[in-house]
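Structure first, then comments.
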Amino acid sequence: MNEDAMGRFPVPDREEIPDDILERIDEETEDAGFTPNVFPAFAYKPSHFRAFFDYHDALTEDTSLEREEIEMLVVTVSGVNDCLYCVVAHGALLRIFAEAPKLADQLATNHRTADLSDQHREMLDFAEKLTESPGKVDDEDLKRLREVGFSTEEIWDIASVVSVFNLSNRMATVADIRPNDEFYDMAR
Amino acid sequence: MNEDAMGRFPVPDREEIPDDILERIDEETEDAGFTPNVFPAFAYKPSHFRAFFDYHDALTEDTSLEREEIEMLVVTVSGVNDCLYCVVAHGALLRIFAEAPKLADQLATNHRTADLSDQHREMLDFAEKLTESPGKVDDEDLKRLREVGFSTEEIWDIASVVSVFNLSNRMATVADIRPNDEFYDMAR
Amino acid sequence: MNEDAMGRFPVPDREEIPDDILERIDEETEDAGFTPNVFPAFAYKPSHFRAFFDYHDALTEDTSLEREEIEMLVVTVSGVNDCLYCVVAHGALLRIFAEAPKLADQLATNHRTADLSDQHREMLDFAEKLTESPGKVDDEDLKRLREVGFSTEEIWDIASVVSVFNLSNRMATVADIRPNDEFYDMAR
Amino acid sequence: MNEDAMGRFPVPDREEIPDDILERIDEETEDAGFTPNVFPAFAYKPSHFRAFFDYHDALTEDTSLEREEIEMLVVTVSGVNDCLYCVVAHGALLRIFAEAPKLADQLATNHRTADLSDQHREMLDFAEKLTESPGKVDDEDLKRLREVGFSTEEIWDIASVVSVFNLSNRMATVADIRPNDEFYDMAR
Amino acid sequence: MNEDAMGRFPVPDREEIPDDILERIDEETEDAGFTPNVFPAFAYKPSHFRAFFDYHDALTEDTSLEREEIEMLVVTVSGVNDCLYCVVAHGALLRIFAEAPKLADQLATNHRTADLSDQHREMLDFAEKLTESPGKVDDEDLKRLREVGFSTEEIWDIASVVSVFNLSNRMATVADIRPNDEFYDMAR
Amino acid sequence: MNEDAMGRFPVPDREEIPDDILERIDEETEDAGFTPNVFPAFAYKPSHFRAFFDYHDALTEDTSLEREEIEMLVVTVSGVNDCLYCVVAHGALLRIFAEAPKLADQLATNHRTADLSDQHREMLDFAEKLTESPGKVDDEDLKRLREVGFSTEEIWDIASVVSVFNLSNRMATVADIRPNDEFYDMAR
């Protein structure tokens, strides 16, 4: 495991990591061609690793959203929360899934600068508000999402992606999870 | 299932809910004497239900913190995020676990008004900062936690509780999950 | 007098307190069955005590608002300002006057979660704005209050309750006035 | 009475105003050489007029602070709250009482630009914090006031001036009380 | 040169100042009857002096706006940024160019309190937003400016004045440039 | 000229552009191998073009700072202000001058995540504060810069870079200046 995967907690050695988690790490490594640092980082606490990645899997595999929309949400939220790991790693994923090499830098900096459909603009306005001031969200916000065509399930899924990355951003920042060098350049 | 468990998404009928989730709901109902509304609410999306409650279980069952400390964190974070369900339901849990009937109202309103040890004051100052401005968290903040005696694992666990409730608060607010009447009064 | 009525200033002894103030304290004690701590606390400075409670009396006795509306405003403002004494003590009064045991916790946490008429929702939106950013209040805000049916005098009275509790919240926080134990539970 | 004393509520005619209030208005008029608009404005609601000015009288007549310190607090707080009436009218009073023609503009804009003693700098830092984020005030803030030499009573009096002008600023803004032309120029 | 022109950097002696800059300073001195402190202050770095005043000259001499509108923008922006030099010096210019002795104090404190045309109210709302939260500016903001009659060039010029004074305010605050005594009183 | 250099103002044709400005644009084009969009964009108003680029030239050519430090400041400030053009274009310049391919993404997202010397950390903390809350800057902030070794001239130059990019960010955002495709990838 890469010792430098995070700056503020010790990364466990392979032998300390339970088999199911090692297996997941190895799959990810094979997929990506390298081990994204969030995996060895979360292996610090196996019970958290399992729940965290189950949630991420549910968000991307059992969803009414396009994968590209999910990554748009993630990059926007992570930009608002100033989270380096998530901006860089999910920026790479967004470039891949949206086949849009500039979109990640635009959303991470300011989603208002991207060339978005009205629907996606509303989606990201909502993501920003739910991130910055969750207590101010009200019926009007959900009404606007419905008016641009989002279904009930899509709204749940949008809220879930925003909420889970409000978790991820905070853990990545506190743990100082470092983006792998590969992510910075990928799919540009 | 209580149809009014949440205001903005439909609560599924028992027959629509997968068995493992029904089983969990029934266990919780037996434990509490009523079904806390967060369970039928999250049953709206079973894959999310499983990951969400696995995370919560991990936070309370595989932890270096006292249960009372966990609930102190939850109530403080939920107060900052203005989340009704979490303030009311976890306020009840805090009254039970801390055996301190007034502490929940104090932390939900303003943790500076509670009679806390220096260690717990630092813990809740950190929880507030990580909730309000995650991007401003830095080495100094972790140093202060260490100086009042928190171990590395305790710091991970503190950050995890704060982070997961930054997820929970947002989902409960968007879904408008309603606190059960029982929670308002419990253990006062 | 309860020495612990406030944490940051000395509470005067009965013999140090002028007669008119003692009389008022005794009346309040008889009314409530205990002495609400704000009375011995403000007795620290008799000239302030008199003006402060005269203003409070004027707000509740010479008003175009229902008492329940006044307490809704107080609890909402005090929640925004994170003031423990006012949230807890006026939360009790709101439960009594509105005959609504859950409303106080809802307004103190987030007035958007309460089941409010359109008129009361506008009233509390205005209270929140006047508390959080008084300099941004303008004609549009008053127009919205008029559109949901508030008269000129009602608007003055709403603004006055909000303004006086922006005073009360600050004094109670600086002085660390402690809510009496009785208030936490009352009328739940 | 000057009909234009405020922009958003009707100013009462002399014959509608109770005698004790008329008497006070006439005294103020004689003192100042004109009728400061806050007096006819508050005459809109006599019970509020009496309590409001009793509080102001208590702040300036029964105080451990110098009058010039009181006006420094008022102008600083009113600048933070963007309140025109209070900035202009109390700016004039500050120029008179401090015999410092530039101080009012400095404090209204940014108290950090004024040439202040350490004691007064702490006092105004505290005033700014108690105005902007009352819920964040804690023991450290009071300790700093004590360290620069303020007594317990002086701290109460400082907090009271700040708190009352958090009331005044809000009422003056909502009512759109207009500063008299005379105040803009006075004692420059 | 006035040694006290700024508090945090040394003001150069006349012999250290290049001729073109001395010439400009002398012209300004003749115009105003005194040397506005921003000129000796910026002479600290001649290359910055030239660019800074060229920009200011361009803003006032090659513009689609009235001079009075420019000063309205400057005073409003400088009030938002709490910049003493710019509020006081440009407050004087606004009083002169608008022939409105009270307007400067109104805009510096809160532009909502001034008696403005709809067009000027939109202009200053835009100035406030572009100053406080530049990243939130979007098409809607420009549309509103167009709807109240501003041309494309006027919008560029408005944005330029706001932007340049976001520069000026920061330099004046960091350098602690002192407003000349003359500005405080001028044209009242 | 690239018509799409900015989204909200018309880009002038070559024949409309004065010779000195065309000359500068042609030089820049030769240097970079393409025409950075900020040049045709600012050609909209030649008098502004000249002052704007004179200031930029002064910042980089007559400076006590390293070029890499200047670009660190620019990218950090532009990240705080959510300005796409400046983040992307100056991100490229930072990668070139610092020979650090990841530094730009780190500073644009959150300078706390970069591996900085104490001196550079203080420099960027100051840049963030001067950008976010210019009115709160005081002697303590300058003292900290001096304590980590910055000279008086370096502090002036740091403040100037921050201030000028508070101008640039606002103009680029209002005009919707589009980063050239080349910048996104350059020197990664």
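We call the chains A, B, C, D, E and F, going by the order they appear; numbering starts again at 1 in every chain.
Assume a residue touches a chain if its C-beta (ideal position, glycine included) is under 8 Å from a C-beta of that chain, and two chains touch if they have at least 3 such contacts.
The structure displayed is predicted, hence computed values, not measured ones.
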Partner chains shared by chain C and chain F (touch criterion as defined above): A, B, D, E
Numbering shared by both copies at the chain F-chain A contact, with half separating same from different: same
Listed pair (B-D, B-F or A-B) duplicating the C-D contact set, over half by residue number: A-B
Equivalent-chain rotation between chain D and chain C, CA atoms, steps of 5 degrees: 180
Approximate Å spacing (C-alpha centroids) for the pair chain A, chain D: 50
Gap in Å, rounded to a whole number, between the CA centres of chain F and chain E: 22
Chain centre separation in whole Å, for chain E relative to chain C (CA means): 43
Touching two or more other chains - residue numbers and ranges from chain D: 82-83, 110, 135, 137, 173
Graph class of chain-chain contacts, one of line, ring, star, complete, other: other
In the complex with chain D, residue positions of chain B that touch it: 110, 112
Chain F to chain D touching residues, read off their complex: 135-138
Contact footprint of chain A on chain F as seen in their complex: 79, 82-84, 87-88, 101-102, 105-106, 108-110, 113, 173, 176, 179, 181, 184-185, 188
Chain F residues touching chain E - in the complex, by the definition given at the top: 8-10, 44-45, 47-48, 50-52, 54-55, 57-59, 61-62, 81-83, 130, 134-135, 137, 139, 142, 152-153, 155-157, 159-160, 162-164, 166-171, 173-175
